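Pasting the structures in now, so scroll down.
Two complexes come next, and they have one chain in common, chain A, joined by chain B in the first and chain C in the second.
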Partner chain A sequence: MSTPFTPVLDSLTRQRGVRASLVVSADDGITVDSNLQIGQDGARVAALAASLYRKARKSAQAAGLGSTGFMQMEAESGRLCVIGGDEIVLVVVAERTANVGLIRVEMLRAAEALA
Partner chain B sequence: MIKTSVEPWIEGPLRGFVEEAGVSLALLLHPSGQVLAQHGFSRAIDIMSACALAAAIHVSSAELGRQLEGRPFSGLHHAGTERQVFLAEARTRRGAYIFLTVFDEGSSLGLVRMYFDEFCVKLANAAPPPLDTPEPMLTENFERDLNRNLAALFGRA
Partner chain C sequence: MPDDLRLWSEELARDPSSLVFLPLAETLRRQGQLDLARKVATRGLERHPHNPDAHDQLARIHADRGELQSAFDEWDMVLRLVPGHLGAIKGMAFVRFQQGRLDEAEQLLMQAQDGGGSDEDISAAIAAVRRSSGVTSAEVVAAALPSDPHLLFADLLATDQTAIMLDKDGLVLAGAYYVGNVDVAQDVGASLSGVSDEALRATRHLGIGAWCSILFETEAATVSLAPAPGHGAAAGGLIVLAAAPATPLGQLRRLLDRCLARASAWLESSAL
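What follows is the complex of A and B.
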């Protein structure tokens, strides 16, 4: 089933090294739409990534750093990239070797398209 | 001292859920409305009210689900302006229980649903075998059992 978010997610998932992309409700942490590889638990990624991003935004505000833009977390075998606003959060799960610069540009473009 | 649960096997799973999901209130009850475990309540009267309402909402929403979809709804969520309520059923070999939790902006529906799924697995694993001769839930015993459970939770047993 195609949604208004499908072209954005397809474009992100076409990037080299991107394993999954999700559009998540910022407050609820519920998946709105996703493009996942087999075996990935989208609901868990969505809930935890949205929570992480919400807390990062609050931390940045508490530290007087203003609003949060792009958030990246490095893990042992991959990266989690998140960008978002008050209502929607865009989450990308990528391999460690993926070009983060390119993914960041695509995510910024996607965020603009979703705004 | 306020205890978490009437039966010790519930305590670990409930504590884990509360810590992980960051909820402010949690309640596990028998479908009849008898409390089995709680977190965050400080008065017995509030638990009694919450249990009665949760049991009534659960049975009503289950019936609504049956009428609309031919099967009971598996969960219910209500978002207020500041706090949200999540109500769902947790199944064990001892039977089905009703779980009610209240959370604010420190958590989210996604987190609550995710940790509730984990709670159900832990609860099912921790549940002892069913009783050979389960005590019937009789109306005349209801208040006695309710008072016994509340007394156990609030250290008056």
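What follows is the complex of A and C.
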């Protein structure tokens, strides 16, 4: 079933090295829509990513740094990228070798389209 | 800071005899742009050959480049211009220690102590040099560390950069996070409490190995987090580094590595 988010998620998942992309409710971390590879548990990815992003936003507010944009967590063999607004956040899970610069640009573009 | 760099560069272009080459070279040095820093400092010295701060500046740049003898010579020049200059004597002692000339290093440190009164760092450095026959690198590093934990990262950072080390509960172990004149490190720490655990859970769940860093962009800064060294009070904690948004991400990563190394040395020295 297609949703208003499907084209955005499809576009993100087409990037080389991207394993999953999700649109998530910013407040409670519930998945709104997702494009996952087989074996991924979207609900947990969504909840964990949204929670990390909320903490980043809270710390930025505590430090008076203004609004938060792109966030990425780098791990030994993969990356979690998040960007968001007040209501929804966009999450991408990618391989470590993926081009994070391209993913970032695509996510910024997608976030604008969803705003 | 990028604005400052631009303003200083413009002023220097307008007035090549301006002293703004000093903060400009210092900022470039702290950013790791050592070739450019040396160029700026050398040109400044051509205009101000008797300025001790300019020689001190060039000495620090040489030291960062590993050009120890050149650094020593510049600090020697500072001493000629300002006899008893504490920073120059400490710098020369550092060079001699690095060169393995421990007697000379100790003599210089004694000289610094005589000239500077009760500097705890100098006393600790002297003690470390005296144990030179069996000295460990950790002890030497410990002696060179700032005694005030708030200043742990101060000499690594430019004026628009800040770093703190948090324990697993988000409590500040070292460093400072200034917004204006107010240290908001505790507030930042509290808001980041639990990040390490969540990052660990997320990476486990995704099967992507241990997390190495988290980076997020804000309007006023790019913030980078890394797991604190995994021993002592910092186990499960975080290193938090914030820098101007224009800071190249490669520089940020390098700076984060340097903060991690400093934090690790400090934690080891606390355990000595």
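Structural remarks
Note that the second predicted complex is superposed on the first by the 115 of 115 C-alpha atoms of A that agree within 3 Å, B and C clash if a C-alpha of one lies under 4 Å from a C-alpha of the other, contacts with A are read in each partner's own complex, and residues count from 1 in each chain.
One rule holds for everything that comes next: contacts are C-beta pairs under 8 Å (C-beta built on N, C-alpha and C of every residue); 3 or more make two chains touch, one makes a residue touch a chain.
Fair warning: this is a prediction, and the values are worked out from it, not measured in the lab.
In this superposed model built on chain A, chain B and chain C occupy separate space and fit side by side.
By the touch criterion stated above, A:L48 is placed in contact with chain B and with chain C alike. Put simply, if you stand at the Cα centre of chain A and look at the Cα centres of chain B and chain C, the angle between them is 100 degrees to the nearest 10.
More residues of chain A lie in touch with C than with the remaining chain of the pair chain B and chain C. Contacts of A:D27 after superposition: chain B is touched, whereas chain C is not reached. In the overlay built on the shared chain, the residue A:E74 is in contact with chain C alone; chain B does not reach it.
Once both structures are overlaid on their shared chain A, chain B and chain C have a minimum Cα-Cα separation of 9 Å.
In the superposition on chain A, the residues of chain A contacted by chain B and by chain C overlap at 44, 48, 51. Looking at the complex, you find that chain B touches chain A at residues 105, 107-111, 113-114.
Residue ranges on chain A touching chain B, taken from their complex, read 24-25, 27-31, 43-44, 46-48, 50-51, 54. Partner chain A is touched in their complex by these residues of chain C: 177, 179, 184, 187-188, 190-192, 194-195, 198-199, 201-203, 205-221, 223, 240, 242. Residue ranges on chain A touching chain C, taken from their complex, read 41, 44-45, 48-49, 51-53, 55-56, 58-80, 93, 96.
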